[in-house]
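Each of the next two complexes has chain A plus one other chain: chain B in the first, chain C in the second.
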Partner chain A sequence: MMHDVWLAILPHLLLAGGAVSVYLCGAFRPGNQGLVFALSLASLVLAIAAAAVTPAMAGAVGLLDTGAFSRFYLLLLLAVCLGALLLLQRYAHLRRLSGEVLYGTLLLAALGMIGIAGASHWLVFFVSLELLSLSLYILIAIRRDQPLAYEAGIKYFVMGAVASSFLVFGLGLLYAATGTLAIAPSLAALAAKEDMVLSLPAFLLILAGLGFKISLVPFHLWTPDVYEGAPAPVTALLATGSKLAVIGALVRFFYAVPAMPQSLLAVLWLLAAATMLIGNLTALVQEKVKRMLAYSSIAHMGYMLMALLAGGRQGFTAVLFYSAVYGLMDLGAFGSLGLMSPKLRDLNDLQDFQALGYRRPWSAALLTLSLITLAGLPPTGGFFGKFLLFTAAFKAGFPWLAGIGLLSALVSIFYYQKVVVSMYLRDGRKTGRRVAVDWAGGVACSVIFVLLLWFGIMPAYLLSVVERALSLN
Partner chain B sequence: MIVPFGHVLALGVLLFLTGACGAMVRRELIMVLIGVEVMLNAAVLVFVAAALHWGQVDGQIFALFIIAVAAAEVAVGLALVLAARNRTGAASRDQFSSLRG
Partner chain C sequence: MQALPLLSIMLFLPLCGAPLALILPSRPGFSRALTLVVSGAVLLLAIALLLFYGGENGGALARLTEEARWIPQLGISYRLRLDGISLLLVLLTSLLIFLCVPVSRRSVKQGQAVFHCALLLLESSVIGVFLADDLFLFYLFWELQLLPIFLIIGRWGHEHRLYAAVKFLLFSLAGSFFILAALISLFLLHGRQSGDYTLAFAALRQTAIDPGLANLLFLGLTAGFAVKIPIFPLHTWLPDAHTEAPTAGSVILAGLLLKTGAYGLLRFAVPLFPQAAAANTTLLLVLGLIGLYYASWIAMAQTDMKRLVAYSSIGHMGLVVIGIAVQTRTGLAGAVLQMLNHGITTAALFILVGMLDERFHTRSLEKIGGLWQQIPVFSGFFLFFALSAAGLPGLNNFVSEMLILLPIFATRPLVAGLGLAAMLLTLVYLLRLVRQTLFGPVRSTMQPVDLSLRETCILLPLALLVLFLGLYPGPVLGLLMS
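Right after this comes the complex of A and B.
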């Protein structure tokens, strides 16, 4: 028993230890960027190894869920954080960002993410969510030379602090209504309650708090501003890790409550439809690429919510599969954007992308593939993932929702192609010299590139991993 | 409990609404932070009352954690506000409006 506890928390301990040692390194050996990078890389890799060798066991150890869903998201989130770390290295080095603060805080954010995705008790969930949010506030505003980064940090902070107080008050009402703080029993009790005086506000407040984190539509307004102001590799982490962590928690929430009351179902139906529609339609009219990608990530959360509503074996398979693909493609999109950005300002306007396909062929190729995946075109993982999502929704009796999603996904192809076209077609080859990719960014880029294609051409492997997770849970 | 559970809950809701109004309406960032603190304290009150109502200690532990998290949040928030103020001279929400679509 004791043995299990240590194994279950080993990744968390490694990340926390890594973060503390990186901060201490900053105190005693200031300015040693290579050392802090190596330390954070080592602690992430070790955490992944520890998570990979620990078998999933149904149930919980202490306040942590050790089931197959948590383990799937644990590995996925750690991999996403590793990707973000590799993509950050060159970016941070060129702009002289303080490595101690950057990497240490990144490790704490990773700790928060895996805590959210693996919590079986609201206390761990809340503390991890706050750990993630506080780390992200710092990471967003880490560029001292950019007033826009401060503005993005403050906007995210103000909205995030309000959202987390909504969440925690909702949890208070949930506790008052049900008398338990263990996640699955409390949600089941909430869904079964006849008397809605406490449970309806509790549900709505928790929904608002979580909806803010994954930017569902009425709570999405911060997303484009923050994504635009934050440094691109940090945006990559923000778009993938922090959202997938909450999705990972939502998978378990929906799994714990198979039969939801009709009224709640209707609310979530509306949110999913509005998120898909408004996300994609607003992305169409964006002039800035980062804002466009922000709205596209909003729309993707709508697709995921749709499949979560569909539920059942198919719905959960689709969400797990798409989570992996989504993590890779948004990491690839924002990561390659960060790699290609000039020192003073991140690429943002459509003109900035002109002829990049010739000056930065490798990074531009990754951006192109990520955009194709986001658009859901074959032969990428995005196509198969979207296919799973929409069939799951259709078969579970949400034909209208699936129809709305499908239509908006078709619309989305239009705005993704604008960026690709401007990278390759407009009066090419004229300007600039070719710039080589650094090793860390290169490794991350090639792995993401290969995986995106692999999951599209041969989805069987990822599908078998997902199915095994489902059958174990 | 001497005071009925419903009354404490009502007070909690009232406090929460006060804090929410403060956080949404006021423009100065410091006042927004104070509004958030009031909301978190409303949550603390509800947790403690619910813990007494259910005769458990879980809610009280949660309340302690909320207090700790609130302190951390204020630390990071104030640092951000201060850094932005030193850099751009702005301490009100209206002065942060360069990011828009």
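Right after this comes the complex of A and C.
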């Protein structure tokens, strides 16, 4: 039995050990960027390997869930972090960012993410959330030459603190109402209560706290500023990993509450509709590409919330499938943006992208494919993922919500198109020094590129993985 | 089931060729030759299928059906089938894409590798639309068409190309939205009824739907397809897209993409909801007639030749809609034949206008005249195709127009009468086009050269097809009537 416990937390240990050794490296061998990168790469890869080879065990070890569902998000989040790490390498090297801080903190963020998605107890959930948030504050503000990055870091910090306090307050009420802090039983007990005096505020406060984290409208206002200010590869991590971790936790919460109180259902319905609509409509009028992508990621959270609301086997399948696709496409979009950015300032204005398709063909191709996937056009995974999401919502009896979602997804194509048009069809400087993509970025880009297409053309494999992850829970 | 998956080969050959076209960007000749070879091979394969399986009125075509597991979790399978209608449309597709290569020899100078890659992608997706027998597969190819044509218009088009390309994209996507919503509803309705969630066309046809809902879904699907056909009032993207597109883009739009819209209507929307289609016959007839008259009326006022031909496209497609709406066997055969004819004739007219544009750098009717004296061979072709578009007896359009309109006289004489009268209008604006450009005084100071061998070779097969379909439509009709 003891053996199983160690095996189950092996990925966590590897990440924590990796982070500590990276920090130590900084203390004893300062400036050795290659070494710290190799160390963090090794600990992430080993963590992935450890998670992939150990069989899933139904149930929990201590306060951590070790079921197949946890495993899915564990692997997905680690893969996303690995992608972000690879995309960061060149970016950090060119801008002389301190590798020790950057990579070590990234590993801690990864640890926080898998803790959030795998927690079966509110305590682990909260501690992991704080670990993730603290790491992200550092990562966002890591470019000391950029005032915008500082601003973004502070903004995220203030918002994060407020969100955490909401969450803690909600958890306190939850404990008062149910007397337990184990996630599934406490939520089930809360939902079963006839008297809503305690349970409704508890639900709403927890919802608000998490809403901040995954930037649901109306808790979304920090998102564009932070995404714009943070370095592009960090934004990639921010948009994918930190949100997917919370989505993974949300799947667990919705799973624990099969029959939701009507009032809560109505609130969630409104949140989903508002997030999809406002996210997409606001993205439409953005002049800056990073802000536009930020609003697009807000809208995508709305789609996922819609499918969570639909629930049931189909809804959760759709959410898990879309999580994987979403992680890849936002990583691809922000990552390629980081690869193409000049040293002093990240690409942001639409004009910056003019004729970039000719100067940086490979990175631009990935950005294009990621945008097509975000727009949900075939033959990419984005189309099939959206197909699943909307079908689930229709089937579960939310035709209006699905209709709103479809319509807003239609609108969204207009703003994604602007970037692609700018890169390929607008006049601009077509020749210039060809910048070769580094090996790390190149590997990440090609894998993302292939996977995005593969999940769209042959979705059966990922679908079967997702179904297995849900069936063994 | 065949030993050799011929349909898949035909479908994926261009798709495999597309990335290959990109590998030598500095040697444009390579991508051109590759595209020529690949599309030529597809054309030959399509002709071979016609010769070997097209006999006995296409009865043997059913043997070519292919099926494979794809996404079993959602009842989606890879399913292709070929019948007379799709065979003819595939032939048209491969012929026109093949011709697009020499057509763009002069007009496309930059980024030829990407251009040919887009051309091949487009070929695969259009063929996919015509072959798919699973609605998911169909939708996938349907959407896939958009990106290459968007690129072709936006990159190699004329002055306002971006505006036209984006407008085209938005209209098409709005149409796709309706199609997707209708498909998802149908998928869920069928699944709830039979417990078998599938997107196979044959199974979905069996769904029993409440008439009100069926009507809604039919209108949704039709609205989606109507954007592409285009049916009035969803046509406004077309003149812009056609005018701004390079010649190859116009040829593809008119010859292929409009056909996919009409094909979707007659292959999917009508058979899936036959009662709803019957209930909406009048609506479709009226819209078709409006399209016919409205387009002719506007065409009369055009001075840009490309715009004029584009409006004539709307008119001709209005006739196709009428043929589909009446739902008789002759009407349907006429509609498909009209699609083919329109594809051939309009493509030829766009090619001819493109050649004029290369010579005079203008497409204005007011600046070109008296061509008959300057370039007689060109003028001969121009007159020939214009007369074909006007429905001169003995040429192709006459046959299909009569097939569509004559049977309606028995049931709806008013519609048939109005349709025939519209033919006169068509004649008016086409004769105006011919009179302005070919006859009268020479208006331009330039000294154009007559058709080169390459240009003649492009036009000759189209002209022969016009004659063949006009004089001896029997075998083709045999394929369509079965």
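Here is the rule we go by: the second predicted complex is superposed on the first by the 469 of 473 C-alpha atoms of A that agree within 3 Å, B and C clash if a C-alpha of one lies under 4 Å from a C-alpha of the other, contacts with A are read in each partner's own complex, and residues count from 1 in each chain.
In this section, contacts are C-beta pairs under 8 Å (C-beta built on N, C-alpha and C of every residue); 3 or more make two chains touch, one makes a residue touch a chain.
For clarity, every value in this text was computed on a predicted model and none was experimentally measured.
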item	value
Larger contact residue set on chain A - chain B or chain C	B
Partner chain(s) touched by A:G229 [first = chain B, second = chain C, both, neither]	first
Contacts of A:G403 with chain B and chain C, given as first, second, both or neither	second
Which superposed partner A:L10 touches (first chain B, second chain C, both, neither)	neither
Partner chain(s) touched by A:Y137 [first = chain B, second = chain C, both, neither]	first
Parts of chain C lying in touch with chain A, wherever the complex brings them together	69-74, 139-140, 143-144, 146-147, 151, 154-155, 161-162, 165-166, 169-170, 173-174, 177, 180-181, 184-185, 187-188
List of chain A residues in touch with chain C within their complex	372, 377-379, 383, 387, 390-391, 394-395, 403, 406-407, 410, 413-414, 417, 421, 424-426, 458-460, 463-464, 467
Chain A partner contacts - residues on chain B that touch it in the complex	5, 9, 12, 16, 19-20, 23-24, 29, 32-33, 35-36, 39-40, 42-43, 46-47, 49-51, 53-54, 56, 58-59, 61-62, 65-66, 69, 72-73, 76-77, 80-81, 83-84, 87-88, 93, 96, 98-101
Footprint of chain B on chain A - complex, ascending	122-123, 126-127, 130, 134, 137-138, 141, 144, 147-148, 150-155, 157-158, 161-162, 164-166, 168-169, 171-173, 175-176, 179-181, 198, 224-225, 228-229, 282, 286-288, 291
